[in-house]
Amino acid sequence: MITMDRTGFKAALVAAAEAVVASKDVLTRADQAIGDGDHGIGMARGFRAFADALAKLDDAGASACLQAGGKALMMTGGGASGAIFGTFYTASGNALEAEAEPDPTALAAAFAAGLQAVKDRGRAKAGDKTMIDAAEPAIAALAQQQGALPAALEAMAAAARSGMEATRDMVATTGKARALGERSLGHPDPGAMTFTIFCEALARGLR
Amino acid sequence: MITMDRTGFKAALVAAAEAVVASKDVLTRADQAIGDGDHGIGMARGFRAFADALAKLDDAGASACLQAGGKALMMTGGGASGAIFGTFYTASGNALEAEAEPDPTALAAAFAAGLQAVKDRGRAKAGDKTMIDAAEPAIAALAQQQGALPAALEAMAAAARSGMEATRDMVATTGKARALGERSLGHPDPGAMTFTIFCEALARGLR
Amino acid sequence: MTKTKKLINAPEDIIPQLIAGMVAAHPDMLTVEGPTGRAVVAVDGPRDGKVGVVVGGGSGHEPAFAGYVGRGLADAAAVGNIFASPSPEQILDAARAADGGAGVLLLYGNYTGDVMNFTMAAEELAAAGTPVRQVQVADDVASAPVERRGERRGIAGDFFVFKVAGAAADLGEPLARVEALARKANDATLSMGVALGACSLPQTGKPNFEIGDDEMEIGMGLHGEPGIRRDKLAPADQVTDTLLEAILSEMAPARGDRVAVLVNGLGSTSLVELYILFARLRQVLDARGITIYRSWVGEYATSLEMAGASITLMRLDDELAALLDHPCRTPAVTVGA
Amino acid sequence: MTKTKKLINAPEDIIPQLIAGMVAAHPDMLTVEGPTGRAVVAVDGPRDGKVGVVVGGGSGHEPAFAGYVGRGLADAAAVGNIFASPSPEQILDAARAADGGAGVLLLYGNYTGDVMNFTMAAEELAAAGTPVRQVQVADDVASAPVERRGERRGIAGDFFVFKVAGAAADLGEPLARVEALARKANDATLSMGVALGACSLPQTGKPNFEIGDDEMEIGMGLHGEPGIRRDKLAPADQVTDTLLEAILSEMAPARGDRVAVLVNGLGSTSLVELYILFARLRQVLDARGITIYRSWVGEYATSLEMAGASITLMRLDDELAALLDHPCRTPAVTVGA
């Protein structure tokens, strides 16, 4: 089984967080279309803190990185997404064995725990037009992978993207976009976009 | 000496007041350019009340018409112009002999008294870019006339118009336009426009 | 589309400078406590044995939420970023400052983000042994049908719920009772709003939604969440009738009932307009034989510089009326001078 | 240029409905007296032997002027049309309602129209045997140099002058003394504003001036009268410094002096922004060793939905400070709860 060295994974997480930060305007416009327009701002702030928290860690494994990044995000992000994404990474990190180098199976299991925590926290389910609709298929795809982590993460990212695209056809039933009802049709969910951008950059960072 | 019949003068005053009412938008734009944009509204309201007050008078001479119109204007117009124009007509009416039919000389003397009351009330003088700059030359022109009232009033109206045009080259030193200073250059004074419109319609009404 | 002009400095300084200004302007009422710098606390509020009343939510709704901090109303407010829930850490700062040993009640509008962040804070407090309860204000009739009342958003009705809970806590009621009264106030309070124009987040400077030059959106939320329909802009009386009809048909007050009224401006709508709405509201309630017990007209829950207004009614019994009448002194509201 | 949207009915009904709404919303404080329907009178204000304090001016500046009517402040307000002085008849209604036999003080901003209409009313009152005095508020430093102070416009400083006079009258001071104190307050009060965007008269629906997307006008008046210059929009701190510099260089307060502060919003500028201005103002005054004795932040003299703000300082001695502290209760301001 092929695993990652610590610094490589940590560096990839930082790069993925930076990619979300760099997508601020795209995410803002997406939330303007179906929500209150603050998603890009909150996520840029939260993932900036995520990246900064990792920079402060010396020699940390994947578990510690995800925990620290998640905690920082949760504390600084604010809004629905700060809680949702903060919960996701924190719970993912908690589920990963402390000193293990992650392989696709372990990571998929950890992310699945993170996703479960998100569902417990926010009470949304697949089909509600949230980041869950990107995360759930993405984690399922990762769980199927047996090979090297980079390729596995690329499969995960591709599944996230198609999950995100599928949210265009969903009617929002949660969060600030809920009130939009039918009018949210045709627009992708901002949180699903954030999740996808993160996965794609994580995969790129490990190539 | 040629004088007017009462109903003719009263009807002409009503027509002149209606002409100001109909110029509301032009006067509004003029006050937007150098003041607070309410001149057309105030004058439309005030001259509407002027006309309505005259309609309520049965068999009134010029003096009573000017007094009643001026009082109504003063009470309803509000703003600087309500006080100024209300004072002008009221004081003009007070200066006219009660039952006399006005000839150019008598009317010029009455309007001169009205103008003096305006100056006493508002403490502006010729050149300050106010209705005084239309009224003063207009009344002087009327005082020169010896013939029929219609022709005399046409001469008055022409002098009012050139006085009004001359306000373009003046810097406002009074009222809400004062603060504009040099920037009021190039625009005519709204109150001078009102005075001119009134004179022109009065002359037309007696033709 | 040009950038909306605002009197701000760097966008990231907005909230710290807002808080600094509030506390500097009202040093007799407000102070800041805790490491996050986001908990605005009543100088003369929290005290031993009194239930701590904590409010909060995103910024951009001023005077909500920190403007309601002061003796007789809220003990502390957690101040989030513009239109974003405060984080758990910020809420904990507010709750710790408000805690007088008799427990803490968290009050906030019913938005996913606020629910999650306040709930995380509540879990943390409970774990540390502090008795804690939460009530989510859900007064906006436009945001969900009555069968799904629990999903409704909180808008200007916040003020009535905070006022009732703040009075109950000030009177020394225990936590369960303060919570029950807040729920009772929430159940008795219905609101609906109308938006005529957008606002813009300071960070983007762009309008947060588009609306036609001759349109209004009935039922729009405090963050520009769409309402129940777009109509051609109508005269004020007709708009008032529409909002009131939605509220009254659900509230169904009887002849002789008493209500408290709040006509709230969303930001750039003038007091002239708000009083014109009130004049019509009074006619409608008079015609139905409903008594206005107390009323407030002005800005109580805004949406930055959004144009529009909302109407809130709270149906009163003697208990709620007495709690509304209880004195309070905050930057936004003074009762019982 | 599209029409500005407003929640109104027929334009000619605006003022009657505004007054109806104010009185309906505050029946414990306000009533209407006199045949013109334009005099808003304090329920609990005028009384025998007390000097009557009458304020007034055009509408569109709410809460000025009728919002300042109530016990301890003004006894009555004469309500003009939007941006237009009330007529003498309307002012007389207010003055007669306020007259308790000890004379009447007329207080209003220094605008030609107001000066003429209030003076005509004063002449009428004097002719009828009522002792009457007038004070024109002239606090706007941008509107004329200090050598021509008498020509300056009145802006948000109105509130301080009204407050001082209202307190003096409430304390039973005779007319000459109430007038003298109002003059003293006026002399001690300086303001300056900045506009970022226009407003529109309801009757025209069009912006009353044009301003570039990146511009602000320093010193603009309450009706859109141009100020002293147009600048590129600057950060809030720099704007605050500019306004304060103009005020402080003329006022020249010494280290240790006390001032009252009013940060006033013109209409669509949010409380977020006003508090950010206040935060900077506090820094500047702290650095000069000037003490803020009392402060108010919010909308006190608006210009419909104009974007912008003004800063007012009143330099205090013990007498003015005590009069500011005197209790009052009006729709717009409550002191001494």
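Just so it is clear, A, B, C and D label the chains in written order, and each chain counts residues from 1 on its own.
Just so we're on the same page, contacts are C-beta pairs under 8 Å (C-beta built on N, C-alpha and C of every residue); 3 or more make two chains touch, one makes a residue touch a chain.
Note that the structure is predicted; figures quoted are calculated from it, not measured.
Undergrad: Hop distance check: subunit A to subunit D, minimum number of steps through touching chains?
TA: 2
Undergrad: Among all chains, whose Cα centre is located farthest from the one for subunit D?
TA: A
Undergrad: Any idea how many Å lie between the Cα centroids of subunit B and subunit C?
TA: 54
Undergrad: Centroid from C-alpha atoms only, then distance subunit A to subunit B, rounded to Å. What do you get?
TA: Here subunit A and subunit B have centroids separated by 75 Å.
Undergrad: Which whole number of Å gives the spacing of the CA centres of subunit A and subunit C?
TA: The mean C-alpha positions of subunit A and subunit C differ by 32 Å.
Undergrad: So which stretches of subunit C touch two or more other chains?
TA: Residues 82 of subunit C touch two or more partner chains.
Undergrad: Going by the contact rule already set, what residues in subunit A reach two or more other chains?
TA: As it turns out, subunit A has no residue touching two or more other chains.
Undergrad: Quick one: label the inter-chain contact graph as line, ring, star, complete or other.
TA: line
Undergrad: Let me make sure I understand the interfaces: which chain pairs count as touching?
TA: Every touching chain pair, ordered by label, is A-C, B-D, C-D.
Undergrad: Quick check: in the complex, which residue numbers of subunit B touch subunit D?
TA: 28, 32, 35-38, 41-42, 45, 74-84, 87, 121-122, 174-181, 183
Undergrad: Quick check on the complex: what are the subunit C residues that touch subunit A?
TA: So the residues of subunit C in touch with subunit A come to 58, 80-89, 111-113, 116-117, 119-120, 142-143, 151, 153, 201, 203-204, 206, 208-209, 221, 223-227.
Undergrad: Residues of subunit D touching subunit C in their complex?
TA: Per the touch definition, subunit D meets subunit C at residues 2-3, 5-10, 14, 17-18, 20-22, 24-26, 59-60, 62-63, 67, 82, 194, 196-197, 202, 213-214, 216, 233, 235-237, 239, 261, 263, 267-280, 282, 292, 295-297, 299, 302, 304-305, 307-309, 327, 329, 331, 334-337.
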